[in-house]
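Order of writing sets the labels: A, B, C and D. Residues in every chain begin at 1.
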Amino acid sequence: MRHTETVEVRGHILDSGLFARVLDDVLEYGGDYRIDRLDVGRTHTDESYVKLTVSADETEQLERILMRLQTHGANQIDPGTATVRAATADGVFPDDFYSTTNLDTRVRLGDTWVWVANPEMDCGIVVDADGARTIPVSDVHAGDMVVCGADGVKVVPLPSRVREDPNEPNFEFMSSEVSSEKPQALLVRQVADQMRQVRQRGHKILWVGGPAIVHTGAAPALVALIENGFVDVLFAGNALATHDIEAALFGTSLGVDLDRGHGVPHGHEHHIRAINRVRACGSIAGAVERGVLRSGVMHAMVTHGKEFVLVGSVRDDGPLPDVHTDVIEGQRAMRAALPGVGFVIMMATMLHSIATGNMLPASIPLVSVDINPATVTKLADRGSAHATGVITDIGLFCEQLASELVVGYKRG
Amino acid sequence: MRHTETVEVRGHILDSGLFARVLDDVLEYGGDYRIDRLDVGRTHTDESYVKLTVSADETEQLERILMRLQTHGANQIDPGTATVRAATADGVFPDDFYSTTNLDTRVRLGDTWVWVANPEMDCGIVVDADGARTIPVSDVHAGDMVVCGADGVKVVPLPSRVREDPNEPNFEFMSSEVSSEKPQALLVRQVADQMRQVRQRGHKILWVGGPAIVHTGAAPALVALIENGFVDVLFAGNALATHDIEAALFGTSLGVDLDRGHGVPHGHEHHIRAINRVRACGSIAGAVERGVLRSGVMHAMVTHGKEFVLVGSVRDDGPLPDVHTDVIEGQRAMRAALPGVGFVIMMATMLHSIATGNMLPASIPLVSVDINPATVTKLADRGSAHATGVITDIGLFCEQLASELVVGYKRG
Amino acid sequence: MRHTETVEVRGHILDSGLFARVLDDVLEYGGDYRIDRLDVGRTHTDESYVKLTVSADETEQLERILMRLQTHGANQIDPGTATVRAATADGVFPDDFYSTTNLDTRVRLGDTWVWVANPEMDCGIVVDADGARTIPVSDVHAGDMVVCGADGVKVVPLPSRVREDPNEPNFEFMSSEVSSEKPQALLVRQVADQMRQVRQRGHKILWVGGPAIVHTGAAPALVALIENGFVDVLFAGNALATHDIEAALFGTSLGVDLDRGHGVPHGHEHHIRAINRVRACGSIAGAVERGVLRSGVMHAMVTHGKEFVLVGSVRDDGPLPDVHTDVIEGQRAMRAALPGVGFVIMMATMLHSIATGNMLPASIPLVSVDINPATVTKLADRGSAHATGVITDIGLFCEQLASELVVGYKRG
Amino acid sequence: MRHTETVEVRGHILDSGLFARVLDDVLEYGGDYRIDRLDVGRTHTDESYVKLTVSADETEQLERILMRLQTHGANQIDPGTATVRAATADGVFPDDFYSTTNLDTRVRLGDTWVWVANPEMDCGIVVDADGARTIPVSDVHAGDMVVCGADGVKVVPLPSRVREDPNEPNFEFMSSEVSSEKPQALLVRQVADQMRQVRQRGHKILWVGGPAIVHTGAAPALVALIENGFVDVLFAGNALATHDIEAALFGTSLGVDLDRGHGVPHGHEHHIRAINRVRACGSIAGAVERGVLRSGVMHAMVTHGKEFVLVGSVRDDGPLPDVHTDVIEGQRAMRAALPGVGFVIMMATMLHSIATGNMLPASIPLVSVDINPATVTKLADRGSAHATGVITDIGLFCEQLASELVVGYKRG
């Protein structure tokens, strides 16, 4: 017997390629489709509408297809009511749990639709007296009521990237169909405009950074941006903070490494001495208080009262005392710092950029800047409406960004 | 006042470039040198000897230069006796602790020289009734006696890579001056010879692997190598195990990602379902026992009783229940698995390869295989005598390696 | 006043993303569209049909949009009759010449539609008593009759990549939606199957190769493939032939370079000596005849009577006497060797691969193999229905390809 | 019987690693050595001196080793007198011709040492009544007297890169041991200082550029640099000029490609129309005269009377009428433009950068700027004392360079 379900999707699905992806995914998941209705937006500003019937040999397979299509904003015509089942053990979802997208999502509990708090990919949805919210598998407890299957769930597709949208003038560079010229210098200006607007709206700017910020000499520019209020939160690993502090403590010796270009040769022990000194102070803030740490990015974050979350990795030396050595604890700390964030800029770190991208709602614009195309591509693929990748030199990028945003900025 | 100390180094220091690096490092660390004596090995099989006086403006700076030179095997002529001081807090070394190399090292305690157990970079040396051993900063306890300064420490330089050493025929490909031809197919054969010899000597073979092993279709070859005793220990992250298990549980659907080439698009929820099922079983071994997991790399490791250490990262989903979420605990588990390892092969993972490279003694040969030159270069730089990098396709590499080592190996 | 024209396109345009690209290009070229009709293929095996009216402010702009859309197979509903104008000078087309795609194309001359010979991108169409054919701008003569504007031209879109097409079983790996597993070893087998079939059909196999074939030790495998009839034509530059001949003439010394990995350090003069010796013989064939050249790829090509076209570049030393130093002459020689070619394999050369890709009809399948993703991506973008890119090690790839195709192949 | 010869080399050969390379090359070429004397420079500002006897089984092999060692400045103690033999055919050297380095070279003809004009790698040395000069193999004529073997030739090693040389303050960034910080922004300033000085000395600045200059939006900055006298000569291919002219002629449409990031999709016919229009004008200058070309890089070069040499490649469309389609003719045109050049900046083109690097004397400083590390590494390897590589974004690099050099520069 063949199992079927009818789904619909509306929006700029033709010229965005979304429609093609919906059809493609049905086939890739081993199902089949029949297009029941297609109302074409006649011009490029009109929305289109499509209704299609999806079929599969088994219920479980059909369920998986339906959950998949929701990532594209394709919802069941008759979504029914959410099935909710209790988790039977800590850290384990029911087998057929609904796996979330990073899009705004509603679930129907009884007769009412409720919004799911904290849209995040690859999570489950827990329902309790307060409503519904996403939860990563590591945080679910036995007895938590978890949404299962695709019934009773609706996902709101992102607004398509329409050309010349007069309401979003500053986001236009983020789409891929833009203007008649796309010099990197213009991109910097557009990022600067973005940051000013985000700040005016009272939202936070989150930076995610790797140690290349220090190695390419971008630290002074970043310090100027911190001092002028363009860095509210910083996510990083042990390496960025360590090399920044090493530069502050051992001055010239950092030159040795900077000088060699990419990466820091091992056996060069200054970084481990820097770590040891901060450990002796108990924390980075402690090192600032005692006068051990007197300059650099971390110093600026501490003295301006900005929040930072450092999460460790298996290749870390030390680490610094502020580093979360438990990565799941680290993820929790990162999630806790997200509320209020309205713009994310990621710089020269694949590991922490992907970690952050994994937990961001699709609605938060992000810019990923790296000289390595692989990092940028991975982020741009994640299906945010407002994600852009800039393949460029982060040293020059930060320098120009500081020149745009900080009046009188002049490299010392 | 100028502080000076005299050091010496012996070996194939001229043609290996080691001598140039010693002089270079003195200057880079802000010191100066005077060559007191240079006995030149007249032919390329003779060793040379150099004695040089190093000077610096401050004692601390001189100490740092001396410690640095030891990484090249340049030791003080009159090393004196080791200074040992107690750590005053958990997780903190005395400020002038001796920072280790990954070379064989001795310390003079009173009148006797004792070997330092477990040579590892960027550690301290703890001395107690049992002798001396390296310790990472995170594991030192208040009251531990730690070697400080460079006095009383001697480092044994690695045997240089001399051409045509008749005693090491199979290592010859590892040097960079090799034979008249260097096709990748020959390299595979030489790695295979290495593995056979390591096994004959009763040493263990350690694999360090990334998820690309699964994505490039190398898993069946790796399973054959496990079944035939060429994989004793496996270090990896959550991703390798997850995608391997996803392939075993969801068959065709993995094709979706493999097919797309590099990396797995997010939002594709099969991997999170795979993780959830294994979490429900309590462990990977539990999933094998219950018949949930019936094929693949992790299945083979479990059924053949091989040890694996999985250490998580901040970008992980889940993770699998076997994954160390605390990276420092993970490092400890990796260190505990190192004794007996005689050969390391690293495959397509920068994070775990560097983590492993950080804790390996320089004397253990390692091969790093990756299609990404950056990974290979970083490993080859780490100053092991027997490190080689192979920039190649790991799918084809594993396929040919299995053909060499496993009689009758034929891809299914 | 607004200028309009109505075009139509039929095929698997929805799930292939073609429809999205048509709409996108209209807007990118500054025009606008209205969808007049859209007949949707209900299932994934049905074709769809769309009719849309394109508009622009100026005739010239509209013409350019229409010509652009033809690259996607979107033709004017009422194509009219071709406008033909005489070129007024050698090497110059009329200003509004029709710029060709690499798809099969027809032009209406008077009442009849005639096929355009030699489909090739970025050419003009010359019409004479023999019919119509593409011509590069460098080859047009004053007085040649050239098709102008988009009227009277129809382009045949490529068959879409439909899943599970039972008639093309061996091409399936070339699409991007393939099977449940995509190991590189399987890809090699599929390329081997392709080559056998092409040979059975009596078509030629064209190789386009770079010097890395020699550097990665792939030359013996390529020689075996030549000897067994799997290389009919070879396109290359001065470098492949030079390093191959250098290896044959100076044996061990090539090891110096192979050994260093990527590329040949300059100042290493053996290659210039090799070139000089062949110049003394008048040609590569002359060097074979005189017994100067006795092994290697070029030797095998000569002794088996296979055609090769070597085209020089500005970075060449020498060059070898067989090298076309005039690149336009070189392009002519390449074009002359294309008739009969039924399969193209490109290996580790961006320059000659793109040159070849530029002149190939879209209907000829091609495989581009390189360890550098950039090369592969550029080729895969060129809009051939049967183009695939393999990012892998060419040394191991050739080795396995020879093992598949040559009975008893065993590296010496 | 064993053939031997004694050579000597003087300079900063220990800390520069040069000595290690000399010994290495003897062994790599199958010879052996004995160190006869080594006078060590005691401090880092003293020069060292080494005398060593090189041996080989055959005369020819020994000759090759001796010629090789000259690339490191190691000359025969008793160089004898140059052997000179007539070329017997056009375009062919005698078999044992002396293959040149790019270092300053002298030959002893009879009793006198004469300097060789135009040091260039991989050439021969022709001697006539006017003295001695390098000649590429393609330009030698039957009867030309060519230096053979290594006798009677002396090569002057480059001054070593010594730290803190007070006479070369602005070159210091070019070495690899530099300052305590190496931000890209500082590099830009140092390149700017270089350019000012070169101009003050009355030397020419040569730019070698690829089409990415246009694609990254660097063209306006380059135009400003041309207008202000910082571009005397431009070497490029068909692509840079074509895309620059396409941008000038078709304005917005270039945006299409810029927008897509790397490279220009084929089938986009505007570039071929641009080429056709310039062909109709006879030359780029003709297009400027007729008012067809009114802006951009090529327009600025023409209107400011600057020299440019465009050399084609096999992948070119068109090409533009100014392009040398014969690459050997192109090389000749490039060589003819070199006299007076005192500084070379290479930007985003591997092909033309290597071509230029091949013909430059080692004494001319060059900077290679590219976002692709491969290009930069290849150039930096070529053994110039004053070569530096900058891996960065050329769009931002040119923008900052123009800001440094052009008063009031502000992007339009």
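Some notes on this structure:
We adopt the following convention: a residue touches a chain if its C-beta (ideal position, glycine included) is under 8 Å from a C-beta of that chain, and two chains touch if they have at least 3 such contacts.
Since we're looking at a predicted model, the values are computed, not measured.
Relative to chain A, the most remote chain by averaged C-alpha coordinates is D. Set side by side, B-C and C-D show the greater C-beta contact count at C-D. The distance from the centre of chain A to the centre of chain C, each centre being the mean of the chain's C-alpha atoms, comes to 40 Å. Distance between chain centres (mean CA atoms), chain C to chain D: 32 Å.
Taking the mean of the C-alpha atoms as each chain's centre, chain B and chain C sit 44 Å apart.
Contacts with at least two other chains are made by residues 28, 177, 252 of chain B.
Residue ranges of chain A in contact with chain C, taken from their complex: 14-17, 19-20, 23-24, 27-28, 32-35, 38, 40-44, 163, 177. Contacts from chain C toward chain B in the complex involve residues 176-186, 188, 216-218, 220, 251-252, 254-255, 258-261, 371, 391-393, 395-397, 399-400, 411. Interface of chain D with chain C (complex): residues 28-30, 64, 67-68, 71, 89, 91-93, 95, 97, 99, 101-102, 121-122, 136-138, 237, 252-253, 256, 262-263, 265-273, 275-277, 279-280, 311-319, 321, 325-331, 334, 351-352, 354-355, 357-358, 374, 378, 381-383.
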